[in-house]
Amino acid sequence: MYRSDPRFSVIGDRLRSIDTVLVVASPKGGVGKTTIAALTALAAAGRGLQAGLLDLDLTNPCTHIVLGVDPGLELIEEEKGIVPPRIHGVSYMTVAFFTGGRGLALRGGEATNVILEILAVTRWPRLRLLVVDTPPGIRDEVLDILNIASTIHHDSRVVVVTTASRMALEAARRLLGILRDGGFRVAGLVENMATGARSGVDELAEAMGVEVLARVPYDPGLEDALGNPPALLKTRAGRALEQLLGKLF
Amino acid sequence: MYRSDPRFSVIGDRLRSIDTVLVVASPKGGVGKTTIAALTALAAAGRGLQAGLLDLDLTNPCTHIVLGVDPGLELIEEEKGIVPPRIHGVSYMTVAFFTGGRGLALRGGEATNVILEILAVTRWPRLRLLVVDTPPGIRDEVLDILNIASTIHHDSRVVVVTTASRMALEAARRLLGILRDGGFRVAGLVENMATGARSGVDELAEAMGVEVLARVPYDPGLEDALGNPPALLKTRAGRALEQLLGKLF
Amino acid sequence: MHLERLEVAPGVHEWALAEAVLKTLYDTLGCRRVDRLVLGLGELQAIDRDVFLFALKTLAEEMGGIGRVEVREVEARFRCRRCGYEWTLKGAGLGEEEREAIHFVPEAVHVYLSCPRCGSHDFEVVSGRGLAIIDVEGEGCRVQE
Amino acid sequence: MHLERLEVAPGVHEWALAEAVLKTLYDTLGCRRVDRLVLGLGELQAIDRDVFLFALKTLAEEMGGIGRVEVREVEARFRCRRCGYEWTLKGAGLGEEEREAIHFVPEAVHVYLSCPRCGSHDFEVVSGRGLAIIDVEGEGCRVQE
């Protein structure tokens, strides 16, 4: 239980300035969690919504690569906690600020420590939306943010990202089963690298009783736009996220 | 330290029948670890080498999807331990035998427990090669198998898989840094979904002083061949793994 | 898919556990002879006691032998990491095959159980997981922390 | 990339820690008044003591106040999970910026240190990680396990 941890009691307060926490998840790597999480936050900010992005892929954070940030301590401001820097309008927090973007080998409970530390210290401004990027797997990082958000926050939702690949679908099914059993609020599925054809994603959505919120097409230009948010928002992938925002607000 | 664990002392014996342990790794998901690990084991068996495959992606195992196995207890044989079933000639062990392929939510040290349990109980036959598939991230599963293999086994090597994507390259760089510092034996890089052009993979290999062992082309037919090992070995990806085997033996 | 082995033999990874216990006693703890051994056997590790004790005696013969062995069952208890609820295996309604899976890999319990109060699969196995050496008496045994 | 904030203010997440300690005392432990408090301050959490104590006193005024506060430093010790070697922070040769990063997120130490014997970044932080409430005396404080 977290409750006896001195940091836990502060976290509820810290998250109070946030209307909606959106956890972007899938146990399968490479389906587009990071890309979709970062683009969703950028797209929301582009629409004038106060948006934040929190990278909880602690051992291998990648959102700074999408945002084009060279991560380091010089980006954060200490003021009775840490005020996250605003990157293209997005209030941004990542463990990479503290690791300089190097790989962080973490054991079990250490991940929980890092998450509690970061959540306890980060002073989010008023946000309409905080998007949380998570690592693949069903490990401490994912379990912690689900527990914390569903226990402490009044409006937290999970977006499950998948492609039409069988391995990705199976991974999404696994997570959706766990979310259903735990009564977590699932916003729905996002199909990434979609071809437009009806795919296993539709079958999965029906079987699990969730909605397909958006279909993000495969865009060969995305790789070159990494690190350049304005260019990213102009890719087909970036534009497709309007669909997701439309379903959320 | 593992040494005080009753299972640890057995593990050394269990791995003694194996000539080479090949750990397939990258902190980035979706770069092709699972595909390459499974295909390497299948290709080796196809060449008449005694080969094994161990899936350590504990919370989200996927090798059985590649091999076309419906995982369950009925596949394993108990005989003073567990004798792994042979699938298309590959001695195969996965946590999915015990979870029926469902998602397994694991906390920190629980992953270590599962790995020690499986390694202590599995009676590998004489193997020329055991390929180990690992989850993304730099967490207990990866750290454990690296520690165990490098401490207990006389010939363990790590293959780092990457694509030419910036996020994948950065992830590979992170892992290679950790492997170099720890003096782990790195067999080299495998470039997956390669286009044939010179890519960031070559630069990374030079910068980190490792070899590019193989280039596996992107093969749009791979998805349809999943679950069908003979068909998988005939894809361009399958054939490209000959290159990897050639470098290993 | 074709399988080259399909037979299933029942409950004999007891041998692997027995081997592990003996290795710990004779290698790790440095025992030269074991007179008395107290083991704590977690409920999740639902092994066949007779097979296990037979394996222990048989394998011990090649080493320094083994004296009196006492096996204490440790009840499985769980605590939800989301809501804090505690419960036990009794009445959790696990099927035969699920128990069999869990006896191989106790952590597989996270697949088959979820918190009776909030449904979370994220819970702590407070007790009853594995096999522990609770006490050992004999010659040369260095008992570690 | 353009940043809307680039200024850096030094060492004041002491306020966040002070707030966390007070919340634990007054909310979790149910204290109505705190007369004496003993804190263990991990070396990795290298906070500015004066700022921290000032924050603690200041923030406590809105609550039931705080009496005598004793802060004990706890040395950072590491143990390699691969080879078992143990070492301390002294002489580990960390730079200023590295220490600063670690003071925010102690686990970042895994990036900046590796085992002096085998080079592993996989080591245990045996002690000296965080901030712990070692002892508290006052009115209404329920001290938990």
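Each chain gets a letter, A, B, C and D, in the order it is written, and its residues are counted from 1.
In this section, contacts are C-beta pairs under 8 Å (C-beta built on N, C-alpha and C of every residue); 3 or more make two chains touch, one makes a residue touch a chain.
Since the model is a prediction, treat every value here as computed from it, not as a measurement.
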item: Pair exhibiting more inter-chain C-beta contacts, B-C or B-D; value: B-C
item: Selected from A-C, B-C or B-D, interface repeating A-D by over half of its contact pairs; value: B-C
item: Centre-to-centre distance between chain C and chain B (centres being mean Cα positions), rounded to whole Å; value: 28
item: Distance from chain D to chain C - Cα centre to Cα centre, in angstrom; value: 38
item: Inter-centroid spacing, chain C versus chain A (mean Cα positions, whole Å); value: 39
item: Multi-chain contact residues (two or more partners), chain C; value: 81, 121-122
item: Overlap residues in chain B, where contacts from two or more other chains coincide; value: 3, 102-107, 110, 143, 178, 227
item: Footprint of chain A on chain C - complex, ascending; value: 79, 81-84, 114-115, 118-122
item: Contacting residues of chain B [partner chain C, same complex]; value: 3-4, 6-7, 9-10, 67-70, 73-83, 85-89, 95, 97-100, 102-107, 110, 113-114, 117-118, 120-121, 227
item: Partner chain B, residues of chain C touching it in the complex; value: 1-13, 15-17, 19-21, 23-24, 27-28, 81, 97, 100-102, 104-108, 110-111, 121-122, 124-125, 129-131, 133, 144
item: Chain B to chain D touching residues, read off their complex; value: 1, 3, 143, 146-147, 150-151, 178, 181-183
item: Contact set on chain B toward chain A in their complex; value: 27-31, 34, 57, 59-60, 62, 65-66, 101-112, 135-140, 143, 165-167, 170-171, 173-175, 177-178, 223, 226-227
